[in-house]
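Next come two complexes, and both contain chain A; in the first it sits with chain B, in the second with chain C.
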Partner chain A sequence: MFKKQHALQSKSEIALRNIVVSGTLIFYLIFLIVPIGIALVGSFHEWNPLDGTYRFLGLENYINIMKSGDFWNSIWNTILFSVVVIFFRVGLGFLCAYAIFSSLIKFKGFYRAIYYMPVVTPMIAVAYVWKFIYHPQIGLLNHLLGTHVNWLMNANTALIAIMAMTIWKDFGYAVVMFMAGLYSLPEDAMEAAKVDGCTGVQLLRYVTLPLLKPMTLFVVVTSIINYLQAYVQVMVMTEGGPGKATYLSSYIIYNEAFVKYNFGYASAMAFILFVVTAVLTVISFRVSADKV
Partner chain B sequence: MRKRLVSMLLAGCMVVSLCGCGKTAAGDTATDTTSTDSGTEEAATEEAAAVPGEVFGDTVQYDPNVPINNGEDIKIDFWEWGSDELFQQIVDGYTAIHPNVQIELVNNPWEDYWTKLPLALDGKDGPAIFNIHNSYHQNIVNYCAPYDIPTEDLEKDFNGVAAHVIDGNVYYIDYGIMTGSVYYNKDMWEAAGLTDADIPKTWDDMIAVAKKLTIKDGDNIVQAGWSFNDNVNSNYLMGVNYQLGQNLFDTDNKTCVVDNDATKKVFQMLIDAYDKEGVGSKDFGTSATDSFGQGQAAMAIAWGWFNNTLQSDYPDINYGVFEIPTFDGDPYAYNRYNGESTFGINKNADEKQQAVAQDIVKYFLANDELQVKFNLAMNTFPAKTSLADNEEILSNKAMAAIADHIDKYIWPGPVPATVEDSLKIAAENVFYNDMSIDEALKTAQDTINNDLKSKNFEAVESLYKYAK
Partner chain C sequence: MKKKIQSIVLNIILISIGIVTMIPFLWMVASSFKANKEITALYQTFLPKAFTLQNYVSMNSHFNFMRFFANSLFITITLTVIVVYSSTICGFVLGKYRFRGRELLFGLILSTMMIPWCVTIIPKYTMIKAFGWLNSYKALIIPGLFSGFGIFMMKQHMETIPDEILEAARIDGANEFYIFHKIVLPMSKNGIASIAIFQFLWTWEDYLWPYLAISDRNKQLLSVGLRMFSGQYATDFGAMFAATAISIIPVLLTYLIFQKQFIAGIAASAVKG
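Now for the complex of A and B:
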């Protein structure tokens, strides 16, 4: 393994490299590749590991999923949720980052920390706090708005309420990423644009935004992967309700696996979600590839 | 200087958080209890467990004079969730009689228990004895050894044993039963000019009383007379139907039949209570029990566990409990119940360990003091028939409420989660998504029966004492 030796590398350095790389590979093999393989095989079975049920079904799980209204409803909700949250995460994240980046703003570190605090707070804690904020009688939101809306038990507002909470919690990540991008912009390009007489808006449109496209793509792709797996906020705030109004794909997968113990069916759903995630990620790269 | 101050503060925070971790870890992980550790400080400070000298029990008896494992030292694991002090009493009592037995009590959080336990039982090092909840019956029962106590002896001492007989064997039974009763706020009751004589016996009475207890400010409810938000499924659609003679399952004991006239009648009664009678609102409070605890609802139906919740989380609420109302005073059954189960014995454990586990089960079943303690702690009514009139039991509000008709409650069996979950969705669809009752119940029934195809479930409603 790794026999090719660079002239300047010592034997101990090579040994260390081999140990680190092999260890990482073994870790991912045991805790990622093998479980994924087991789940893939399991997706063709009726499978409950807790009572020992394991019966080959062929494609039956996949066929049933394709026929399931709940599944398509959850896919629609998941895509809607992801698109809206990503749009606001990227948009708000960029606007805040650009504002903080401005030379007019002092205490930049303070603002960066404030925006990033919700990101490092566990989702489960944030979700519980926001559940209280949305409470129809004692919630802060109704108190501020002077309304009596049951935000989380109204099919028209429940998913929006979850999206709003998720945007609030997560957009700080985009703020920090865009600030990193803004600080790494080539100063000569910015200076040249200013010398050429660019206004602030032109500088933003024709220089800053194009140069930030790699960072934007990174935030969008990581967000797609993240939000297609969104689960905790639904579990805590609505349990998929009212009815099935806030069913997201990951919530159904959890429900099938750990409530109904249909591990085979849940594995098949997880693989479909995996494919959807991969396709959307590739599309994001393709769309941006010629522009980055 | 400032950095040093910040460093010291952070270090202090870390120490505090580590202390917190330590405490949590101690509470969540294994608690080792060693009978032979009688010289420890802990043992010295606690009252020593009494050692009975004589045989005790009714039909199922325990003889403390018979040595276990020929008096040779043996160690077993006993898994449970969340009730260390309660289970410690079994351990202390048993090991006082048999000091050669070392029992390690292992407390797993409920969330982990049901994934860890089957996997542990599948191996060689699983616990010899473990606590069971019947909602996980299907995942656990295949790992259980049958009790070596004659079924007829169990039936003489305990109610509901027949429902637990599988192919002539018993793997666990109920030591207590829990069901839904009405919790009412006594202060609100008094403020509305109501007395004990007003305690409702029928649903019509319940609505009339609830109207008196409801307070509004214009169109807005300030105090709900009766709330059933978030528990329509478990406390009404899976219980009140029995009052009208309607089971949850068909006569084949496998097909769910929640789409029926009786359940529709119950559903309609609840909708009318809110929409026509105005005793509460689907948008007033997110959960009936939370609203009751927070002093926003005067009445709520809840199961026995709520008695504990009120005492621990809402100690200022002055409350009483009465039996669930009926439609005509003479119901087929009052409500559904569920049991708190006795312990499972690991069939894959070493034979000697299994023998000790069997002996512990017998000790527990024969021991009235433990039966009372467990039932009081769990707010369940004793399944042991000889304890039905026990003063301590009847001094508990939740148990006193159901004592008079304890034989008129039905257990449908270890119903898979899909029944409760699908009816929860049905209730939310009707109350919040404007779906008709007919469509909601039909959808729920179809979902349940589809899910049940892969389950080996058989209802036991036909074993009800007054089954038609």
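Now for the complex of A and C:
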């Protein structure tokens, strides 16, 4: 690649660049780097802002987390939640996008706009709506099915109910992304495959899907980052219950930090979650790089 | 003929998915116009049998809900305007200028998107407290001045603006501030629309930060208000429906108005990214 020959920098360019660079650096120093430092140091302390405790513990928080059943339970729930939701989000999203993209469908923009609606609505309000949908007496779901299940208070159904709601809210994002991917596919590759006598299924299997791999990766990685941080659904709909059936990692961090005010312990958990997020992101990039 | 049947079947499937997508919204709005007696009745109709505005009135009378609404609208619009501007100008500098450390700075900004909220929120809370910003809108606005996502989107977007246009303006003697405000900003409509909608949504739905930063009830925002409300009036279903409808509808309207630019903008940035 040739470096573009750049005209001599003007005074105003240097000024604008300096303003922007120093502005962002100062901002991220104060509201990102310093907080990460404080959290890291805090995670080695017993830290409670209500009674002012701030006492060095060394690795005790981390050791206690590793020994805690709640933590491992939440990790298991979070993995289950993320895998199921991502599977349906990507699968349903791709199928819908592929169907809308096909020449059989006329009102493409209409479907896309409808499917995207839940994505742009506030999670906290939507969570309340779904809490009512699942309500044992007034709930829409029980009325439609003619049942009297208390979906959110039953340990067997609570997590599934939250997953279903999250899939409902998020699959439209994948639809829009995959449609964008499909429209950007190189037409000559598609034409060439058709000339060579590819059937529809072969075209999908050997041309379309491999070409959509980067988009799939993008959706999966952003989903992983999102779902590891999901807590609002749980906070509104079940508060982790019944029992601990819907403990998600971010929810127990929220709970530890702002219900019990164990800042040190919560920070240690947050760091573990951070490392998990980073590792999973790197792995997804590696896996896809191998396959491409 | 075979094509026609396929097309009909496919349309039916897609419409059914569309109905599932829409029903929670329609049910919420319909229920918000039902009296509580009707909501809890054994036999139900989807549409209200007796249309009533009582829920909206009672929601606002036992709780100053419209005050929360106005606060949220103010904060959300302020932050959205700021973030659109800061993202566009940062995107311009990072996308169009060549300087040492550019990649490093962009990498830092990108990595901010990967850091979970729970890592930084406790220290940010203690810092805001130390600055004396608790219970002031400074606490809501200043930590949100820049958005990693916004800068990333706008840097992608800058690639759609040809360098030749900028060079031509430079030759005509325009300075960079003029170029940015008069040329780049107007050419960034799609990018701006998508950032604006996301930023609007994220600020509007943010719960934890306003909950921590604001304690004065008159200054509180809608999402926190919604939860406080449900804590006190959990059994007043009608009012809860009205309250959730109020918190969803502005965002939905914004989306419906700008949906074209928005989908174009978000999709374009992802294809290149």
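Observations, loosely collected:
Criterion: the second predicted complex is superposed on the first by the 282 of 292 C-alpha atoms of A that agree within 3 Å, B and C clash if a C-alpha of one lies under 4 Å from a C-alpha of the other, contacts with A are read in each partner's own complex, and residues count from 1 in each chain.
To be clear about the criterion, a residue touches a chain if its C-beta (ideal position, glycine included) is under 8 Å from a C-beta of that chain, and two chains touch if they have at least 3 such contacts.
Bear in mind that the values here come from a model prediction, so they are computed numbers and not experimental data.
Between chain B and chain C, the partner in contact with more residues of chain A is C. Within the superposed three-chain model, A:L16 lies in touch with chain C and out of touch with chain B [touch as defined at top]. When the shared chain is aligned, chain C comes close enough to touch A:V126, but chain B does not. In the superposition on chain A, contact of A:P242 is made with chain B only, not with chain C. Of the two partner chains, chain C is the only one that A:Y28 touches; chain B does not reach it. By the touch criterion defined above, A:S184 lies against chain C but remains apart from chain B after alignment on the C-alpha atoms of chain A.
Touch criterion met: A:H143 reaches chain C, while chain B stays clear of it. Once chain A of one complex is fitted onto chain A of the other, the partner contacts of A:M117 are limited to chain C, with no touch recorded for chain B.
Contact with chain C, but none with chain B, is seen for A:L273 once the two complexes are overlaid on the shared chain.
Taken together, the two complexes place residues 49, 137-138, 258 of chain A in contact with chain B and also with chain C.
Taken in their complex, chain A has these residues touching chain C: 3-4, 6-7, 10-13, 15-17, 20-21, 23-25, 27-28, 30-32, 34-39, 42, 49, 96, 99-100, 102, 104-105, 109, 111-118, 120-126, 128-130, 132-133, 137-138, 140, 143, 168, 172, 176-177, 179-181, 183-184, 215, 218, 225, 228-229, 232, 235-236, 250, 253-254, 257-258, 263, 266-267, 269-271, 273-274, 277-278, 281. Residues 114-115, 118-119, 122, 138-139, 142, 220, 282-286, 294, 296, 416-418, 421, 424-425, 428-429, 431-433, 435, 451, 454 of chain B are the ones touching chain A in the complex.
Residues 46, 48-53, 135-138, 148-150, 152-155, 240-245, 255, 258-262 of chain A touch chain B in their complex. Residues of chain C touching chain A in their complex: 3, 6-7, 10-11, 13-14, 17-18, 20-25, 27-28, 31, 39-40, 44, 86, 89-90, 93-94, 97-99, 101, 105, 108-109, 112-124, 126-127, 143, 145-146, 151, 163, 167, 170, 175-177, 180, 197, 201, 204-205, 207-208, 211-212, 223, 226-227, 230, 237, 240-241, 244, 247-248, 251-252, 254-256, 259-260, 263, 266-268, 270-271, 273.
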